[in-house]
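Per-chain numbering from 1; labels A, B, C, D and E assigned in written order.
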Amino acid sequence: MHLIETMNTGFFFLAPWLVLAPVIGLLVNAVFGRQLSEKWIGAVASLASGTAFVVSVLLAYSVAVNHGHAVSVPFAEWIHIGDLKLDWTFRVDSLSTTMMLVVSGVGTLIHIYAIGYMHEDVRFKHQEGRFARFFIFLNLFIAAMMILVSGDSYLMLFVGWEGVGLCSFLLIGFWFEMDTLARPSWANSDAAKKAFITNRVGDFGFLIAGFLMFWYLGRSFQFDDVFAAAPAIAETQRWVIIAITLFMLLGVAGKSAQIPLYVWLPDAMAGPTPVSALIHAATMVTAGVYLVARSAPIYTLVPEAQYIVAMVGAMTALFAATIAVGQYDIKKVLAYSTISQLGFMVAAVGMGAFVAGMFHLVTHAFFKALLFLSAGSVILGLERGHHAHAHHAHHEERHKVRGKRKEEREHEEHKEVFDPGDMRNMGGLRKTMPVTFWLYMIGTLALAGIFPFAGFWSKDEILLDANLHYTSVYWQLTIAAFFTAFYMGRQIWMVFFGEARSDAAKSAQESPKVMTVPLMVLAGLSVVGGALNLPFEGFHHLGHWLGYTLGEVEGLPLNLQVAGISTVLALLAIFISWLIYGRNPLKDHQSDPLKRPLGFVFTGMENKWFVDEGYGVLIITPFKKLSQFLAEVIDWRFWHDFVHDTVIAGTYNWLSEVVLNRYADQKGIDTFFNSWGSFTQWLSGNVRKIQNGFVRSYALSVLLGVVLILGYLILK
Amino acid sequence: MVPIEYYIILSVILFSIGVAGVVFRRNPLVIFMSIELMLNAANLAFVAFSSVLKSFEGQIFVFFVIAVAAAEVAVGLALIVEIFKSKRTIDVDQLNSMKE
Amino acid sequence: MNTELIVFLVLSLVAIVTAIVMLLHRNPVYSALFLVLNFIAVAVFYLLLGAPFIAMAQITVYAGAIMVLFLFVIMLLGAERLPDAKVLRLQRPLAYGLAIVLAAETIYLLFTKAGSNLVVTTPDASLNTMESLREIAMELFNRFLLPFEVTSILLLVAMIGAIVLSKREKGEPK
Amino acid sequence: MEFLLQPLTILTFLPLAGVLVLAFIDPGRKNVIRWIALVTSLVTFLVSLWVFSMFESSNPDLQLEAKYPWIQVAGWNIYYYLAVDGLSILLVMLTAFLTPISILSTWSAVEDRVKDFMIFFLLLEVGMTGVFLAQDLFLFYIFWEFTLVPMYFLIGIWGGPRRVYAAIKFFLYTMAGSILMLVAIIFLGIKADTFNVPTMLVRLPDLYATGTIPASVQMMLFIAFAAAFAIKVPMWPLHSWLPDAHVEAPTAGSVILAGVLLKMGTYGFLRFNLPLFPDASVQAAPWIALLATIGIIYGAAVSYAQSDVKKLVAYSSVSHLGFVMLGLFALNPEGVAGAILQMVNHGLSTGALFLLVGMIYEQTHTREIKEYGGLWKITPIFGTIMLIASLSSMGLPGLNGFVGEFTILLGAFGSEAIGNPWYAGISALGVIMAAVYILYMFQKVFLGPAGEITHHHELKDLNWREIITAIPLVVFMFWIGLYPKPFFDILAPAVEKLLSTLPL
Amino acid sequence: MTPPTFFDFYSLLPYIILTVWACILLLVDLYIPKGRKGITAVLAAIGIAVSLGYSITQTGIEARGFTDMISLDGFSTFANVLLLASGLFSIALAYGYTKRMGIERGEYYTLLLFSLTGMMLMAQASDLIIVFLALELLSIPLYVLSAISRKLQSEESGLKYFLLGAFASGFVVYGTALIFGATGSTNLSVIFTQAASVGTSNLLLTIGAALLLVGFGFKVAAVPFHMWTPDVYQGAPTSVTAFMAAGAKIAGFVALFRVFATAFPSIASNLTDILWALSALTMIVGNLIAISQTNIKRMLAYSAIAHAGYVLMAFVPYGNETVSATAVAAGLFYLAAYALSNFGSWAVVIALEKSEGRGLGIDDYAGLAKKYPALALCMTVFMLSLIGFPPTLGMVGKFYLFRSAIAGGFTGLALIGVITSLISAYYYLRVVVNMYMKEGDPDVEREPWLGLTTSVTAIATVVVSFVPQFLFLLAYTAVLR
């Protein structure tokens, strides 16, 4: 660890600007957003993100020229109390710069793309005012993500970790008053909430891991301190390390959408498509992978935990892939695909194949962003087609309802709701949207792992490692790879081939340049991205680069058997998908041809194996019931009303009735006053019965007093 | 000679009778008489003690008690008469207009 | 058993019986008359105890003036015999009970439990002289000057009080 | 009369000057009255800044002492003794800070008997500041009880439909706790022959060591003090008055109640229970931690089931204050400092929540969650500020709530006094649950389709006055969240000093 | 044969002035035309003021006079000042009220002065004879005053007070007789020396003291000797009630303190438990019953009972050498605090009382704060003071009481005290609730003397709570040694 002062070359001092640039961008838009035009807003936001990218490049360069030495750039003190010393310190090393480059690079491209996308999206939804808000959130996300990847302690990482969770919430709920089909609904906001809360469950794991770390591993959250202390503890208190890693795994599962916490990610597709691309495919969801990679020195101490991580990843990869097969929504397919691919990465880092995991992370960022953005392009294309069609048809009607509110009008216009994301509404788009089609093809091939696209190399490396370490993981991943190719093939055939199955698809229009150009860049990267880390001696660039941080690992040579099996399976899958979907294109309103042969299995896939419903029954409903019970029965009726108002009051009532009073009379109780008062009041009402106005009784009372006093003196 | 205890016991008995009268009679005049009986019992005790202790103080106290009793009677009887004028009865049980 | 004791016992019997009759008699006139008897009996005790001055005061002030006033008022108000009590029926037995307990407690405390405290002696009749009367007078105007004056004020106040209570201002309802 | 010129005296009693001026104003001139109250509270805030500028944060001892013999008859040894140290300065500042904000929030909310309202409010400020500054138990007790009176009126006169019930309940509950404390105070005062806390701290160890005050009595004293403070906090299960008081109180009252009055309870634990009864504190720590943990989980769960926004926020206080208690009785620097900071945080965030809920209530006159919906679209500024306050309340890193909650949980997790990490571990679940109920509230009110209420009311976004009211709170949420160092610098020396006296 | 000296008279000067003044007033009143009895009131007030002035000059002087019948010391001076001040307040309250209620009679003030002399004598008495005579001297005018209104309730209250008062004096006389029998004297200092030589086993003395306690307990309205209080307080004209509630109670306590602290310390171990029980019972019963009252006069009557319990609490450990001084001082201090709040609250009651005797329900206070904010504020101060809540003198007073109880080792009693204070908060606050939180249209008599009394007592209640030193000092120097 070197401090900035000792370094003579490099741009390390720029590190804070990774965060500051997007923050400035978002502040500019927040303050002046109303005055600025859409172009300016987009430009400011993209510039902010671009600045972060430039800084990332400079930092990467600096790391390179300093032979990969990790450098800490202190920025400010944060929390100093007792043994706790937390600072805002940036850590620049090869691992973090890799992430920075991916985040800011892909992020900038998506910013640019979003200028075009959101321009149309806000218009279709008649919400022009929201354009600026979107970019504010995007910049906020970049800032948070930068904090996450550049932090030099677990806590700073956690700050970014929660920050991106917030952005995810805000962006998923961007269209918070509607569902994905722009109908007034709670659906989008539900999805947003679900994402945040699920993430928080993961964060809980992270927090506990952090606490354990602090109290057992050297009272620090600094990566270096923790790593330094870990080996000794692993000798003496092994359970601590295991607990830390497993609790951290819970965090990883939350953020990177692994079993059992992946459920939020498919719903997150409620956000605008650039969000899906940026947050829910390329960057945020990979934070978990980054975390495990970052914690490599801890994980390698406990192989049993590593095995669990790998198994979780592998199972997720396979499980999500099966669901993807049964989806009709173009983005849902990609969402499950993302979960599945994240499973690959988590499995990789779990096995200790950190480089492979990171490699796949990078390439996946390229091609999955590409796929999502292209999907967005498709959706907007359909939307345009739909509007062109609908505008014509409903022109007359609109005049009549001008007086009504915008949404209501919107409402009535779309009585028959058109879903531009449903693949069953598509078909034959390769003719109307050729550019998008080709870009989508590249993404698909990369994802399916076809040689020589980027995905082939990275996935292959994971499979290589899996083959070496855990056979079960290897086979699960291989099968998942097969499914991947299959559902992507299915998608291509359904979306771009065959005949258009809707009016909108017929009149779909290609997207503007501002959207397609970034896609082309991503497509290029998806093609050549594999070159980062080819499995040949001397070409392990990424491995070497990450080796600065993770320790030099010898790159694995190409194993033709593994590569062969996966390639053959992928091609086979695409072929089968052609047999089913390509040869006989889907007709309008025709159900999925797989439905009949697979039966309930397909129903399971289609309905996500009913996991959401299971959670509903097992966790959400019981929690709701419990809290209702606590609130209404325990707290209010029992504690507030019963104990305070009835028990205390009742006991005294009973006492006063039995002991003091034969003429119980409740009229005196002023119901206005609180119950505690009324019990004493009642009691006192009974006592005062003795106060009956008779002189004789009063004298008796005096006499009684005297007799008692004398009696006491006798007894004393 | 009669032992002092006898006097004291007698005085206690008279006092108790007076107390009982105050407690259960309803005619304020009789109540008042009972109070006089109590004072009288106290006086008896005083004189008895005074005689034993060979001190005049007790007797003098008794003298003052008698004077005070006279003063009380003046006021008390006036009150009773007034009440009778207003209410046409002197039953103390009827004096409960304020029991709430 | 000497004569004095016999006198004492007889008189005390008289005193107690008259007191009880005073207590129980339903006609207040009889009550008042029995009280006078009681006072007279007590006055004799005073004589026995060597306090002739007090005995005289007892008879003139108490039995004479005060009780006459009582009788006067009773006659004025019509010697009302109150109807039976409708409420607090328990009052009477309670009063008996508690009064007996009170007497028993006091006697027990004074003579059984505390036994030794009271110096049990017989009264000294030597006080029973004219000399002692003079002494009382001297005491009264020397040591007890202040109480004496206060008593005078007290009587004045009682007088004012009685007047205030009975005198109606002009225009007040009768 | 020299004591009148002491900074802390001025700070405490300055609002009285406003009260005096107000007393001679015609009740009909409402705006004049409002301005006078506002200016008074602002000047008080300026004085608090002046006090703060004189405060040396590196000094762990009591500072700016104003100590004058007050009642020195018959062995009473009562001093007029105000002083501030790292434990209290933040709360003093919070009080001075929240009062003008609350007054500003009543500008259009209180139309009825404005003069009385402002007088009570300023009196309340006197009491609260006094509680945080008093170093003599007698003086403390006076301020402590005195705060009840104006608050009682604020709830009872300007509150909701069941205001009288709530006001009386509030009064009796709080008083029920403090009377036990009164007995304990007197007992201590007699044993130590002084009511002056610093002196008492010097004398008590001897009394404990020699057995003049045996351990069991120390525990009873601890409990007597704790009774007063725990009701005020309120700790589970003594929280039953809180929902009533909060729901019925007027907005400004809720803000102050949540923002400052509840802190008096936790502050009491910190200032009196810990140093005065060190052995008992250490002994009681696991039990308090248990109650705090139950409170955290219970409060969060109950919040989630509320249909009334204000009630939801009120119950969230039970949960949040549970964190504070957990931190205090972690008895390590992380926990205690975090707890103090969390007191401030809770004042800011829950104060802001009540403020904002009040602003919308003023327009709609309903607090039923289900009648709302989609407000963010109609009132974007309001929604954004509410979002920030909500996030702060649920402890999002970067905002103030996180710093407090994290340090508390961290402290409690490794606390020797509590003895096991389970309480902190379970309490951390409260972080999830906080997200559940806060997001539930935020979603149902601000997200989703436009609710029923928007059909009946033309909702307006915040006006300038309301924005000005809310912005300072937001600024501090970010400040403490991003750069809490100055705050911890203030706390650390005093906390270290406090903990050094505990038998750990 | 030693004629009384100048010192004898000097030691009793305030009393003598007042007595003489009262006698003269009685004559002067004859020449004051009906309907202008306000002049009598002013004259009476002047007399009290003169007496008060002399009383104040006696501060710090200790003397004994009239063959040790009376003593002048800090205690008596404090009590005299307190009593005379109460007298002034009582006249202020009566000034307009008597006219409004049609009971404006010159004798009213004369009787008041005589009663006051009785109270003062009570404070100075150092012989049981004087105690007894003073007791009667203060009581008899009160019996008459209670019945001075021609209303049935008033007469009824007078008779009840009289019968029960005489009954209680019977116990006092009998108790005195027993004490005399045990010690051979009625002089307090003689009793003290005699009693000390015999010790705690002297049951004759103990019973005598217990019977005295009954008598004093009756005067201060301690449970179970309290039952006359609500009826009498309710029936008597309110201005008389106020005087009774303060003056008679102070006098009763002063006598209790004086007699017990100077004569009976040696038998404290016998009496402490009795005092404990009386105090606890009084606090509990008084406060509990007060809750259900709907008539403010009755409510204040029960509150007066309850306060007797608090004062008694301080006195429970009176036998403890180190504590008894504080106990007496605390009691005196509290009595002063109580008297202030008492007169204030009665003044408000009078202001709201209608000539028909209406306006006495607690409901009649609804809306007072809106219409008469100053009056409502004052009433709030009094209520808070009676609860024992800062910033009022009542709080300081209660603190003092609890302190001496705890110092004497009676923490349990202090606990009962604080808990019953909590209970009392409930009914006092109900008045405040009515005034501030309910709608109503109360009507208030605006009388200058009433207003003055209300504001002076309210301000004093608050201000003195911040600067209680001088009162502390006075109370502390007033302790009996």
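Note that in this section contacts are C-beta pairs under 8 Å (C-beta built on N, C-alpha and C of every residue); 3 or more make two chains touch, one makes a residue touch a chain.
This is a predicted model, so every value here is computed, not measured.
Listed by label, the chains that touch chain A and also chain C are B, E. Least step count on the touch graph, chain B to chain D: 2. Relative to chain B, the chain whose mean Cα position lies farthest away is A. Per-pair counts of C-beta contacts peak for the chains B-C. Most remote from chain E, judged by the distance between CA-atom centroids, is A.
Here the chain at the heart of the shown protein, by mean C-alpha position, is D. The mean-CA centres of chain A and chain D are about 35 angstrom from one another, to the nearest whole unit. Centre-to-centre separation between chain B and chain E, using Cα means, comes to 26 Å. Averaged C-alpha coordinates put the centre of chain C at 30 Å from the centre of chain E.
For this pair, chain A with chain B, the centres built from the Cα atoms lie 95 Å apart. Among all residues of chain C, those that touch two or more other chains are 87-88, 91, 94-95, 98-99, 102, 106, 109-110, 113, 118, 144, 147, 151, 154, 157-158, 161, 165. Residue positions of chain E touching 2 or more other chains: 129, 133, 136, 140, 143-144, 147, 150, 158-160, 163, 167, 181, 203, 207, 230-231, 293-294, 426.
Of all residues in chain B, those that touch two or more other chains are 8, 15, 18-19, 22-26, 28, 31-32, 43, 48, 50, 52, 60, 64, 68, 71-72, 75, 79-80, 82, 92-93, 95, 97-100. Chains that are in contact with each other form these pairs: A-B, A-C, A-D, A-E, B-C, B-E, C-E, D-E.
Interface of chain E with chain A (complex): residues 159-160, 163-164, 167-168, 171, 203, 206-207, 210-211, 213-214, 217-218, 223-228, 230-231, 270, 273-274, 277, 285, 288-294, 423, 426, 430. Considering their complex, residues 1-2, 4, 12, 19, 23, 26, 34, 66-67, 69-70, 105, 107, 110-111, 114, 117, 121, 127, 129-130, 133-134, 136-137, 140-141, 143-144, 147-148, 150, 158, 181-182, 198, 201-205, 207 of chain E touch chain C. Chain E meets chain D in the complex at residues 325-326, 329, 369-370, 373, 384, 389-391, 395, 399, 402-403, 406-407, 411, 414-415, 418-419, 421-422, 425-426, 429, 433, 436-438, 468-469, 472-473, 476.
Within the complex formed with chain E, the residues of chain D that make contact are 27, 70-74, 76, 113, 116, 138, 141-143, 145-146, 148-149, 152-153, 156-157, 163-164, 167-168, 171-172, 175-176, 179-180, 182-183, 186-187, 189-190.
Taken together, the chain D residues at the contact with chain A in this complex read 164-165, 168-169, 172, 237, 240, 243, 298, 301-306, 315, 332-334, 337-338, 374, 376-377, 391, 396-398, 402-403, 406-407, 409-411, 413-414, 421, 424-425, 428-429, 431-432, 435-436, 439-440, 443, 446-450, 482-485, 488-489, 491-492, 495.
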